[in-house]
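Both complexes below contain subunit A, partnered by subunit B and then by subunit C.
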Partner chain A sequence: MEISKISEEKQKNLLSKVLEVLKTMASRPSGFIGLSILAFHILLAFLSPYLAPYDYKAIDPSLMLQAPSSEYWFGTDSLGRDVFTRTIMGGRTALTITFFGSIIALLWGGLLGIFCGLVGGKIDDVVMRIVDAFLSIPWILAMLLIVSLLGTSTEVLIPALGFFYGKGIVRVARAATHDVIAKDFIVSARARGHSNFSIIWNEIIPNVRDAILVEGAMRWSWMLLGFSSLSFLGFGVSPPTPDWGLMISNARGLMSFAYWSVIAPIVGLSSLIIGINLTADAFAKALGIDRSTKAPV
Partner chain B sequence: MLFLIIKRIFLGLITLFIVSLITFIGTEVLPGDACTTYLEREAYGAALEACYKRLGLDIPAYERYLSWAYNVIQGDFGYSLSGQMPINEVLGPRIKNSMVLASAAIIIGIPLALILGIITALWRDKLPDITISTITIFAMTIPEFISATLLILIVAIWLQWLPGIVIVPTDVTFFELLPNIILPVIAIAMIMTAHMARMVRSSVIQVMATDYVQMAILKGVPYWQMVFKHVLPNALLPAINVVALTIAWLLGGVVVTEVVFNYPGLGRLVIESISNRDLPTVQALAIILASIYVSINLIADLMTLMLNPRLKSLQIRK
Partner chain C sequence: MENIIHSVKNLSIGFRSKKNDEISILRNVTTNIKKGETVGIVGESGSGKSTLALAMMGYVKQGLYTIEGECLFESSNLLKMKNKDLEQIRGRKIAMIPQNAGQSLTPNLKIGYQIDEALRLHTKFNKNERDKKISELLNKVRLPSPETMAFRYPHELSGGQQQRVAVAMALAGKPDLLLLDEPTTGLDVTTQAHVLELLKFIAKDTGTSMVYVSHDLGAIAQVSDRIIVMYAGEIVLEGPARSILKSPIHPYTYGLLKSIPKLSLSGLPDSMPGSQPQPGNIGIGCSFYDRCKIAEDKCKKNSPSLEHILELQTSVRCFNYKNLKKFNDKINSITQKKNISKGVNEILNLTDVSISYAKQKILDQILNKITDTNPTVKDINIEIKKGETIALVGESGSGKSTILKSIAGLLKIKDGKIKFENDRVLSSDLKKRDSNDLRAIQLIFQNPDESLNPNHTVEQILSQPLKLYFSLTGNELKKKVAELLNKVRLGEFYMTRYPRQLSGGEKQRVAVARAFAAKPDIILCDEVTSALDVSVQAAVLNLLQTLKEDFGTTYIFVSHDLAVVRAISDRVAVLYQGRLCEIGPSKNVYQFPSHPYTEVLLGAVLEPDPDIKPKLVAKDIVEEKPPEKGCCFQGRCPRILGDKCKNETPPWQIGDDGNAIRCHISVEDLKKNQIKK
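Here is the complex of A and B:
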């Protein structure tokens, strides 16, 4: 009875905390703008297949490179496809892949970091050396290698991105764990004879959760940047899937006389990345975490 | 002091050793080896065997790693598959070109970032800060390939001031290269400056809030004297490390920028060697890029050690 009441209260607290954080985030102009852009993009990703006026893969040579008109709002590309249709659908793959990638990154990076921070000693030394080594390989080289050997399917991209963007979270989670580990409640949990697992679950995670979530939100925007760079280089989404990175790379050769087919995806991708960034910043500020002094590793 | 320096260098070497293991194991564990990936459908019979022989893939993996590592330490990366020439010869001019690009961006970026960071911090939440900070957020969040593409569209195509795409041979002389690198340098310097300016800003703001600065203000130290004597030395020291990490992180962005501008540097070689499935070159590139990363960090750490009076006295007391 008592316990169920407590857990019920906990849940209510969580919900009200989420609402409170969202409110604090939206109270700043930058946070409000960020949240609105992000909400718009997420909504668009869900609704765009129903909103699209044309088929995104319908090729029509007679409509090649038409300038924007009332019929084709953003003009057509070099294969006669409607740029408006492709632009509003261009964020779906990137958003989905990077969203799940960030969750994987958060999970493995966060848990490994907490574990290393708690255990310390030899295991910690070895793991951190390996993480450092992975950090010193440029992400682009590693991602390109994986993708070129294993292919560009979603099943490869999500774990690969999740893995590569999680290594930075290991450091953050470890540092956050170090901050709480010396506190009295951990010492007393130890003294009560709790196992490592119980200490991690009940004592450490609630205290380092905020720091890790903020890091994860930041990672999301970097992962999006990385993923679109891959697409741009031709190692991400495969055609004819509409994707902003790919659209920009296809259209940029012709931009001297068909600038519209490159401007539309640029606006789409830039606004999404700026939106996620502003949201992540506002999220950090709402939780009272300053991450502006950190390097983007 | 000396002990700390040696320890840092040693840790850097260990990191490089692990990187070499990771790249070697990575290319080994992933399906296909250098020969089958390179030859693709023709990977059978005599061609495959000749390739195995040439690369020495017929001996056990650990022996191959040892001999490869031994050669790499002596500065020999072996043969590239696609060019059929020593990787060192492929790398030489590429490294030089990328160095030109990166150093130009750093020479422009670091002073600019310092100035912008200090201005935004001193005029915090006032008009200069709000304007500059908004611009930096745009500059640092927009992907390199987008800012580079926009630069080409506006400066090269619409205004026709500068060449948009670099069309020069790999072994071009410095002065022939110069007009071609202006746009790529701007593209890289922009992102770098934005990242660093933001860190300088928050570092200066942190120091401005400390007791000793408040004390200096109360003591009546003139404002600019206080800024230059008390705030900046203390604010810039921790920024060194972060700046180093940022430069290293931007290596990935340099790759993309080089591709956009068709610039004959290391970055384009990364893409070329991966498209050609030239694994020996990829391994060499991984080691080289990782060494750049490790040495930038090492230099930053050493600089912090040298410049930090607290760490010096700590060592003497010990």
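Here is the complex of A and C:
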């Protein structure tokens, strides 16, 4: 390593670090495509209220199932609502709910995993068996139970999704912590008498952060798929809120003669998932974690 | 010139950097290997010695490529050969013995099968002949009972035995050239000496040429006929082993030899300033210019070429080699340790300390029954005085690190007491120690790569103890960090660097600074120089000594390297299987009479001098568990008396010089026998 050159290097602040990672991600074609798709979706989610040409809940029986035209770009659905408006507004709900859900999943999954990895022993055993038990429950059944008991409001969906998608992160965080915990710098911190909290915050988190973030990014795309499945089954957001899963579900019977009302939400959903997946992969590569060799648990 | 079997011609190997610059790791290396000769390639880490050895069998690591030159074996260039043709040569004509045999043997296949595989590939023997050949090979590498050995799995063998199996496999194809890449580096001193003995025997017996790559001049000195010294990817000195080791004419080799601690000399070895330039960072002049004591202006601007001196049969890459001798005569001295006043006060006292790794059963825990009658570490009694350096020496498994961990509070002791300052009993549980006790005892670890958090800057690393113990913040903290860096001879600009941006020696300095940040009374050093290159090792040892003189810190120094211990310690405790064998002032421990185990250890030390041969007196076996009763060393003792040693715990015999030996043989008898040898 060129030591003389590095001595010029200043300690970077968080922003410049983030920018550097983004730059590395965008330098690969797959990363660039992923980032562009994701950025496009996020931008659309922010701007959709201003871009939407019509009211998303305006029902007009006279305009039922119109084919795409210059007036209604993506056609209209069975209630005469503009599909273009509903598609660009539909991404908004899905992105918001799953984004905050992922953050909750990251926080509780990551912290619990690190904690278990650090303390080890019986506590670790018990907690991990509980996590295993939850992993064995089909999530969609459990989600249906929660939603039917507590309703389908955003306040219920976000923590419920966050909980179910955090279980996998617990295991990844724990495994990453195990890699670090045996290193001498942890032993050294212990011998100095640092508290567990200080060891987690100062010594462990900086070393497992990358692995957990990448895992969280992957969980995001899975959660999006899960959330859309819920909506498809009618347990996601309630109508008339526009949502891709719901739109696909409503229009699927009409697919044979009104394909346009299904195609738009399908393209929206799959492009967003592909975008997140590509971004997560590029993110992992930019951070030096190769996901192809480390399969998620 | 018919007897040259392998020649490397003007070989350069390198890689492309991110900026697409060509960076060479090997630079214009030319050398010949003659039939039946053993060539030692020596250099510090990063000097390109392993790359050269691998290229000799036509292998270039992924990411590297050949820039120019060739490796000629039987008049064909190995580096341009197709894989299929290389298969005919590798293993059959050129064989390789890797560094870590434990990792290069397949764990789920029996030893016999693995050797058989090599035989099947490289010979035309039928099944019966091969079976005979396997036991012949195992016999040749002196493994006990070859018949049963063939049916064992690699994990059932000790490190030394695994290395022997690797040698047997390499010999299976009757190679003309054997490449050995640090074959004894991970082994214990006694095992290492035995394996080297074997290699020497094989070289003589089979007439195989060997290329022995190592950083250890001691090992190289024992086996080589000719030595090649590498520095920054170049050969800087090449010639007959004796003349290179006895009177090196290149300043780097001279400095390297000076920086190796020797058994015969007490006091710290000279260190070489600076470190080896990294590939891609080598200037136009001599690559050793920055560290050279006899460098002149021309060395900075021109790179010297390899000059052959006919009367010495030596090639040297230096403009100034003739001046080296004159210069050396002037400075030929060794830094003596200053006799700093040692307090008479005891700082730490270990009384009857036993440590057990065995887990107690719940029932026994409730009944408070002691189940493990044969703990890993037993009956350790050591008094440590303020300001002294005491060393714990022994091979792997001797319990030296275990004792260190329990002093640090990382491992609970089973029995006995650890008393700190004025007979205050120190809890063996870290959580029960108060902050001041925690501060007073600090640790420095073997491998600085692992002991420094890779995601922290040097400033953050050094701030940890300062914040914890002294609650420093802001400018005060920063000032203190800078002060610490200066103390370990690193500049303030190191503050913003990450560990990965530092060299091994610099990292270890940061680790030393972190330990001193706590203003400790005792520093526990766990093999602190084992992961470092020799020239860096000398510098770190010198640093530790100066810091000790400044602060009056007490060191407890754990090492397997007897020469390093000799250099730094005031007192030495020799451990075998978790039991103390001998303890006393270091000059007395290193003199006879000694405990038979100390004698074995001292005999096995490899000195970088072809005239000092290791004395192998003990059996080369590895004991996994200490014996239940009697002397701990009974299994390997060359002077065993019989049943007495097997049944009775030997008494401590304390000499007038304060040297205590735990042996049934009287000190007088030991003296008589050992001096005769």
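Note that the second predicted complex is superposed on the first by the 278 of 297 C-alpha atoms of A that agree within 3 Å, B and C clash if a C-alpha of one lies under 4 Å from a C-alpha of the other, contacts with A are read in each partner's own complex, and residues count from 1 in each chain.
In the analysis below, contacts are C-beta pairs under 8 Å (C-beta built on N, C-alpha and C of every residue); 3 or more make two chains touch, one makes a residue touch a chain.
Here the structure is a predicted model, which is why all the values come from computation and not from measurement.
Asks: With both structures fitted on chain A, tell me whether subunit B or subunit C touches more of subunit A's residues.
Replies: The partner with more contacted residues on subunit A is B.
Asks: Which of the two partners, first being subunit B and second being subunit C, lies in contact with A:232: first, second, both, or neither?
Replies: Touch partner of A:232: subunit B, not subunit C.
Asks: First (subunit B), second (subunit C), both or neither: which does A:21 touch?
Replies: Neither: A:21 stays clear of subunit B and subunit C.
Asks: Taking the superposition on A as described, I'd like to know which of subunit B and subunit C A:187 touches: first, second, both or neither.
Replies: Second partner only.
Asks: With both complexes superposed on chain A, which partner does A:269 reach: first (subunit B), second (subunit C), both or neither?
Replies: After superposition on chain A, A:269 lies in contact with subunit B alone.
Asks: Between subunit B (first) and subunit C (second), which does A:206 come into contact with in this model arrangement: first, second, both, or neither?
Replies: The second partner, subunit C, only.
Asks: Thinking of the overlay built on chain A, is A:111 touched by subunit B (first), by subunit C (second), by both, or by neither?
Replies: A:111 contacts neither subunit B nor subunit C.
Asks: Find the residues of subunit A that appear in the contact set with subunit B and again in the contact set with subunit C.
Replies: In the superposed arrangement, which is not itself an observed complex, subunit A uses no residue for both subunit B and subunit C.
Asks: Residue numbers of subunit A touching subunit C in their complex, please.
Replies: The touching residues are 1-4, 6-7, 9-11, 183-185, 187-194, 198, 202-203, 206-207.
Asks: Please give the residue numbers of subunit B that touch subunit A in the complex, ascending.
Replies: By the definition above, subunit B touches subunit A via 11, 14-16, 18-19, 22-23, 26-27, 30-32, 37, 137-138, 141-146, 149-150, 152-153, 157, 195, 198-199, 201-203, 206, 238, 241-246, 248-249, 251-252, 255-256, 259-260, 270-271, 274-275, 277, 282, 285-286, 289-290, 293-294, 297.
Asks: Contact residues on subunit A for subunit B in the complex?
Replies: Residue list for subunit A touching subunit B: 129-130, 132-142, 144-146, 148-150, 221, 225-226, 228-229, 232-233, 235, 245, 248-249, 252, 255-256, 259, 262, 266, 269-270, 273-274, 277-278, 290, 292-297.
Asks: Which bits of subunit C are touching subunit A when the two form their complex?
Replies: 278, 280-281, 408-410, 430, 433, 435, 438-439, 441-443, 445-447, 450-457, 460, 464-465, 468-469, 493, 496-497, 500-503, 514, 518
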